[in-house]
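Working notes, structure below.
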Amino acid sequence: MIKNKSLASPYIVWSVVFTAVPLAIVIYFAFTDKNGAFTLKNIMDIGQYTSVFVRSIVLAVIATAVCLVLAFPLSFMLSRMRASRQSMMLMLIMLPMWMNFLLRTYAWMTLLERNGLINRFLGLFGIGPFNLINTSGAVVLGMVYNYLPYMILPLYTIMTKIDPSVIEAAQDLGAGNLRVVTKVLIPLSMDGITTGITMVFVPSISTFIISRMLGGGSNLLIGDLIELQFLGNSYNYNLGSAMSLMLMVIVLLCMSFTTADSEEMEAMV
Amino acid sequence: MKKWSTRAATALLAAVCLSAGAPAFAETQVDDGYDYTRFADDNITLNVYNWGEYISDGSEDTLDVVAEFEALTGIRVNYTTFDTNESLYAKLKSGGGAYDVIIPSDYMIGKMANEGMLEELDFSNIPNYDKYIGDAYKNQSYDPENKYSVPYMWGLVCVIYNTTMVDEGDTSTGWGILWDEKYAGQILMFNNSRDAFAIAGKMLGGSLNPSSVDEVEASAEKLKQQKSVVQAYVMDEIFDKMGGGEAAVAPYYVGDGITMMDDNPDLAMYLPGEGTNIYIDAMCIPKGARNKEAAEMFINFMCETQIALANVEAICYSTPHTAALELLDEEMRDNEFMYPDDDYLALCETMSVLPDEINSAMDAAWSSVRSYDATGNAWIMPLLLVVMLALAIFGFVRKAIRRRKRDY
Amino acid sequence: MRRLKMLGRVYLCVMLGFLYLPIAVLIAYSFNESKSRAVFTNFTLKWYGELAGNDMILKSLAVSLVIAFASAAIATVVGTLAAVGVNGMSRRARTAVMVLSYVPVINPEIITGVSLMLLFVVGNTQLSNLFSALLGAEVSVNGFGVLTLLAAHITFCLPYVLFNVSPKLRKMDVRVYEAALDLGCNPRQAFFKVVLPELTPAILSAFLICLTYSIDDFIISYFTSGTVQTLPIAIYSMTRKKVSPEINALSAILFVVILTVILGANALDSARERRLERAAREEERKAGMQA
């Protein structure tokens, strides 16, 4: 094949300037003060926001777990369908994801409000009204709704590769449904699970729109905090960079335990 | 506001019929002797950055002021909105926007002027300033020689409440209602530091301009106490939430309160007994604006009587424009909230430019109010950073080793 | 077993309901005459009319489309070239490039946005200082706007092109290219006549991916757009103010557009697949006959 490495040079230059250099600037800002002198103060100051970090991680973990539980059976069912139905169902499931995500989140606002549809529906039976919006539950719901397809897709992809005869063999050998799931299905779809976890966890932990629209600003997440430092009230690039760095390390940590193989990542993209 | 806007429309129609001198393609009557068409062929786009819901925009039969300006002058306007003074400041400071006209509030104008972020205006391009703006609104402390700003609107911060959810008796508690356990989960609060701290300062019997870091901290404590009863921290979302009966009580600007009451008759408002914040929002040109003269033309246009009137009628704020005030519907002019008596005005304070030290204390305090839990040890985060990094590296190495083993 | 199947079907329906309920509600409200979401008064199309007259939305849509097509086109060209270049690299160099490419894909969007914003802020001040020093007068450079937006979009689109085209290139039969050379093509001709046609489907799908990512992106644009408003940014500012049912009408229109595009693409896809399948079966039959 063509051995012309220089063809990649525009791309490499671009990536360095717009990917590597910006990250270096973030790190530089994180470890300097307003005058450019080295300091650890920014990172130490994040300590005040421990609760926000903990809340972000907890909510993202819950959302990821819920996604996994919801998506696992769904993907399995999808993968066992007839080919023609399979592609149609997959499309049906992916379709809402093509809607702009602000509009999707906004839709939940109208549903969850005190005078929203859900409360009025419950009101017909004399229940409620409940405080649904502006709670951490609403934030988790928003994450699950927005990122569920990211879990379904990799799970489904890997499950279509599981040969039905493997499952049949397990059943023939006397395994019950539960054992088939734990001993055969889960181990065989492990790669899909880890990919899915990353793909849901990363956007969940860094969101600031969902918490703002559904959390009412009292459920501040890391993303809100960062946004506050760059375009909001607090205006402190250095602190914001330190928080971004922290977030990157969290994501890196998550990645190191889930997907680390470049081939797996390629499959994911 | 329907009534007033139909009135305005008729007046406008009359004006169009009567004035033969006005250019044929624009509907607005403007003062003679100002050449609005001099940039018509220059293909200019003005970037105007205003508060949300802060102009007559053509909805509900009002006058579309921006479209009028475009039709009259041939200048295109890229009209965008912000929701707090602080986010406007952040955007400008980052160089995140090449704006030509901005409309910050008093204290922010002072701060920006001090930091050299504003252009001096050439008032020969804004003759309407001398002609129409009331003397009471000129040479304010934020711009003592009036070099940078032309007042657009002024107003007070009030408490808006839903009469079906709030006991009338509780309105006598002034700002205290925003801390009232009885309305836990139904209270909205300002999502911006200066306004929130102003309310807390007033609650504590102090000033809305804290004079020391200690005062900032006391206010921050007060705001943290409030957190458990607050449903959400919002700005313009208030229209939707109060209008839809999602919340019982909220602090906001009088003009917007009147607009909301118009949409939802259950709403009412009062001015807290402790006194409140009186503010002036004024039009400025940021440093480095690309079309300064056209921007001044826009400012002058906003001070045309017809336009000022249309804006006041649409957004119900109080106007510094003398001629527009005279033309204003009596019902509006006598509105005790829009134009309160001098006794109450004596209780009100404007926000002044704070020293840097207090400003940054307030910014930090605000972040911590919002995240609320300041007990973390300072070394936890650096430590956590190192531990997480080490774990991540360990994870990657483990995978790499496993992969190498597999390869062999 | 049958009960399990029933359960599965119910579950599927519940999930689809969960996914579609909010969108259905939005669309239903777009026909509601009352501004308030509390009551459904009368059927109306007036919000569609108002939407058509809403300058802010139309302008921002135009901006979004221009940015999307420009960034997708540039990203596709640069990314395809890169895929070819990377293919000729040593394994180690290739891994390095790939790792660099994963960064924007894996990084949370907010970090990409913030880091690009910092780059542009620093770039603006540095350029201002540079020009000021050169010209001896105070000059302020302000690049925020269409250019920064474009740069940001190209940045997050590029890796997807590389990841889409690279595997196809690696799977391609080298001998085809060599045959072209043997038959008298120079490398350039061989590339355009043999390699590129082979890659076209992958390049096309990369282009489409870029297009959709770019149109849909909010977070990165939010930090890098300056005074320019893209459609998602306009939607964001709409959801924050007095909410008008125009936003519901917009959702309905977007949904219908997306539905048409996806159904169309799917129909094309399945037609092609059927053709391929038939060809494969034909091949098998021939092979069988030979054996």
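We call the chains A, B and C, going by the order they appear; numbering starts again at 1 in every chain.
As a working rule, contacts are C-beta pairs under 8 Å (C-beta built on N, C-alpha and C of every residue); 3 or more make two chains touch, one makes a residue touch a chain.
All values reported here derive from a predicted model rather than from experimental measurement.
**Q** If I count C-beta pairs in contact for every pair of chains, which pair wins?
**A** A-C
**Q** Of all the other chains, whose mean CA position lies farthest from chain C?
**A** Measuring from the centre of chain C, the most distant chain centre belongs to B.
**Q** Rounded to the nearest whole Å, what is the centre-to-centre distance of chain B and chain C, using the mean of the C-alpha atoms as each centre?
**A** Taking the average C-alpha coordinate of chain B and of chain C, the gap between them is 35 Å.
**Q** Taking each chain's centre as the mean position of its Cα atoms, how many Å separate chain A from chain C?
**A** Chain A and chain C have C-alpha centres separated by 18 Å.
**Q** Could you list the positions in chain A whose residues touch two or more of the other chains?
**A** 113, 115, 230-231, 255
**Q** Using the touch rule from the top of the page, what residues of chain C touch 2 or more other chains?
**A** Residues 37-38, 117, 121 of chain C touch two or more partner chains.
**Q** If a residue has to touch 2 or more other chains to count, which residues of chain B qualify?
**A** 94, 96, 244-245
**Q** Can you list the chain C residues touching chain B in their complex?
**A** Chain C residues touching chain B: 35-38, 55-56, 59, 117, 120-121, 124-125, 140, 142, 144-145, 226-229, 237, 240-244.
**Q** What does chain B use to touch chain A in their complex?
**A** 84, 86-87, 89-91, 93-94, 96, 185, 191-193, 227, 230-234, 244-246, 363-364, 366-368, 370-382, 384-385, 388-389, 391-396, 399-400, 403
**Q** Considering the complex alone, what residue numbers of chain A touch chain B?
**A** 40, 43-52, 113-115, 131, 133-134, 216-218, 220, 224-225, 228-236, 245-246, 249-250, 252-253, 255-257, 260-261
**Q** Considering only the defined contacts, which chain C positions touch chain A in the complex?
**A** So the residues of chain C touching chain A come out as 4, 8, 11-12, 15-16, 18-23, 25-26, 29, 37-38, 78-79, 81-82, 84-89, 93, 95, 97-112, 114-119, 121-122, 151-152, 154-155, 158-160, 162-163, 167, 169, 172, 174, 177, 187, 191, 195, 212, 216, 218-219, 222-223, 231-232, 235-236, 239, 247, 250-251, 254-255, 258-259, 262, 266, 270.
**Q** Which part of chain A faces chain C closely enough to touch in the complex?
**A** 1-12, 14-16, 18-23, 25-26, 29, 70, 73-74, 77, 87, 89, 91-93, 95-96, 98-104, 106-111, 113, 115-117, 120, 145, 148, 177, 198, 202-203, 205-209, 213, 223, 226-227, 230-231, 237, 240-241, 244, 247-248, 251, 255, 262, 265-266, 269
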